[in-house]
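Could you have a look at this structure, given as structure tokens, before my questions?
Per-chain numbering from 1; labels A, B, C and D assigned in written order.
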Amino acid sequence: MFAIAATLLVLELRVPRDVRDLGGALLGSWPAYAAYVVSFATIGIIWVNHHVLLDHLRRVDRPLLYLNLLLLLSVAIVPFPTSLMDEYVLTEHGTIAAVVYGLVGLLIAIAFSSIFLYATRADGLCADAATARRIREEGRLFPIGLAAYVAGIALAFVSPIASLAVYGLIVVFYAFPQLPAASR
Amino acid sequence: MFAIAATLLVLELRVPRDVRDLGGALLGSWPAYAAYVVSFATIGIIWVNHHVLLDHLRRVDRPLLYLNLLLLLSVAIVPFPTSLMDEYVLTEHGTIAAVVYGLVGLLIAIAFSSIFLYATRADGLCADAATARRIREEGRLFPIGLAAYVAGIALAFVSPIASLAVYGLIVVFYAFPQLPAASR
Amino acid sequence: MFAIAATLLVLELRVPRDVRDLGGALLGSWPAYAAYVVSFATIGIIWVNHHVLLDHLRRVDRPLLYLNLLLLLSVAIVPFPTSLMDEYVLTEHGTIAAVVYGLVGLLIAIAFSSIFLYATRADGLCADAATARRIREEGRLFPIGLAAYVAGIALAFVSPIASLAVYGLIVVFYAFPQLPAASR
Amino acid sequence: MFAIAATLLVLELRVPRDVRDLGGALLGSWPAYAAYVVSFATIGIIWVNHHVLLDHLRRVDRPLLYLNLLLLLSVAIVPFPTSLMDEYVLTEHGTIAAVVYGLVGLLIAIAFSSIFLYATRADGLCADAATARRIREEGRLFPIGLAAYVAGIALAFVSPIASLAVYGLIVVFYAFPQLPAASR
């Protein structure tokens, strides 16, 4: 599903039609490409981290599946705020576009943190308590990610493009610490 | 396929174009977001329940595969009535939109019940007769779901929005009793 | 990929916009629903048969993967002639729509037959020669399917709707004989 | 994801609407079909080669996953330049369309080469050093592919259609040497 949502993003990159200066129209669409890359990377990093987390679980239960559905819902909706960014980030409505984008990012971060906390609680779904404790330690960085989305939303009132840049930096941040990939 | 249909739903959330009041246009589209969440949750819950059911089967045969195709067809069509809801639920055509939505929900419920009954019949596809009997007992709640869809369709003639709310409640209903998730 | 192509079909079912008589507009779109069901069933049956065939193979090689790509290409294109049917089957251009639809069906049938013949040849990819021979015997019905598509294309010049009905009957035909589903 | 991107290509094949001469309009869209086949084959061959390469790895690590995301991003974007080709290859903007198409092809080739080189380095992810060395030897052909994309981009300034033909030939080139498919 991460794969599907990420691939659907391309449908928001619309080919300019009936234009005289195709090169100029393409270059002028750079916010659309920037939003595409940020959204793709956001979904991609969540995908990798989600996959790595699930590899450390011994079993799944219904609450985890439902938290998972919440994460999937929020990830699946990403093409919508991305399209809003494409269309409006350079206009007078840029603030609204960047705020909506940040709210979806915040929803994803909350859903992922919930899965993380639920899955690694003491009597949880991990193979053993030691693994759960070690994984949880890595979760200390989560509040930073949440705060960064809030900062990005606040920044949208000053500069929507700067806000998009912050959302891109959050992806870089999430890409670094984290669990090691499970061996095959 | 459940994942694909659920992810495609976002394509029905259209970004308002050429509007003066983007914030107002987005807030005014709340029925589209409500329909998105109800449809996503409907597909998600069917997905979980379907997955759990199949985990209890020892084998599959052609009739089951064909019943499965019927379920997939009815799930795959969900973006269509969802889009109809988005467009018309607040207009004079709201009744038609809510009736069509309910009919697709009814089709999904019938297809899922058929798979359930076929898979758990006495000489069926379950590992043993005891498991089949235990799973079937949980199926006693199915007629309630079917009746709820019929009630939702009837309600569409009074209030299409109330009808959408009923469809949302059915999802909550289906999320509860059910089989335990299979251990890994 | 079969799943994706089948699910994308729903995007060709367009919601009528700005109509006075929504009920009438929906009912008048019945050829679109008929084409949706025929296309979904075509892809679904190919999917089941393809899955069953591959379950009987011991290994895959590059030529098989490339024949597979040809099948996937022809299946993935199905939404296009389906959309053509939706738009034109009831108009003066119905013949062209039904011919194009039939040609894509013919391409799928040829690609599937090629995979079947390649995979079951004497020194082929099946577990043993006896299995290969038994599977090949079921392939005797393939020329009937190919001939039926040719008949459907010819019928398009008389009645495009009758042609669509023939394409639907071919699906029913392909659903019947066939290999048993592999046990889990 | 390769499957999804390849299947989404069909959405760029738009059905002509409100035309008098449907047959002529369909035949006149031949560049769209050519671009569809080239793009589908490009994604398909990368898919097969990627799958074969990964089958030879003993484990994956985070850098490989991120290189993989880069490859997926560049493959997922293919429907966009394909649509650009459909719309503009026969017009005065053909050069721009063919250049953009080639740049995306180049990005894919670079991303795939990076994965290849990273995965097969001496102390790398392959089962053993001998396998890694043998696989790397096949990589000697990679610079030819990169050079061919550059040649295709240069040719776009002379003839966009000839450029598209070169992109098609690159697919044929990549389909041939390569690793054997892993046995099941």
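By our rule, a residue touches a chain if its C-beta (ideal position, glycine included) is under 8 Å from a C-beta of that chain, and two chains touch if they have at least 3 such contacts.
All figures in this text were calculated on a predicted structure; none of them were measured in a lab.
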item: Interface sides of chain B and chain C: same vs different residues, half threshold; value: different
item: Chain A on chain B, rotation in degrees - Cα superposition, rounded to nearest 5; value: 90
item: Centre-to-centre distance between chain C and chain B (centres being mean Cα positions), rounded to whole Å; value: 26
item: Chain B and chain D: spacing of chain centres that average the CA atoms, whole Å; value: 37
item: Residues of chain C engaged with two or more neighbouring chains; value: 4, 8, 11
item: Chain B residues touching chain A - in the complex, by the definition given at the top; value: 3-4, 6-11, 13, 15, 17, 22-23, 26, 36-37, 40-41, 44-45, 48, 175, 178, 180-181, 183-184
item: Chain D-facing residues of chain C, complex; value: 1, 4-5, 8, 11, 57-62, 65-66, 69, 72-73, 76-80, 83-84, 87-88, 93, 96-97, 100
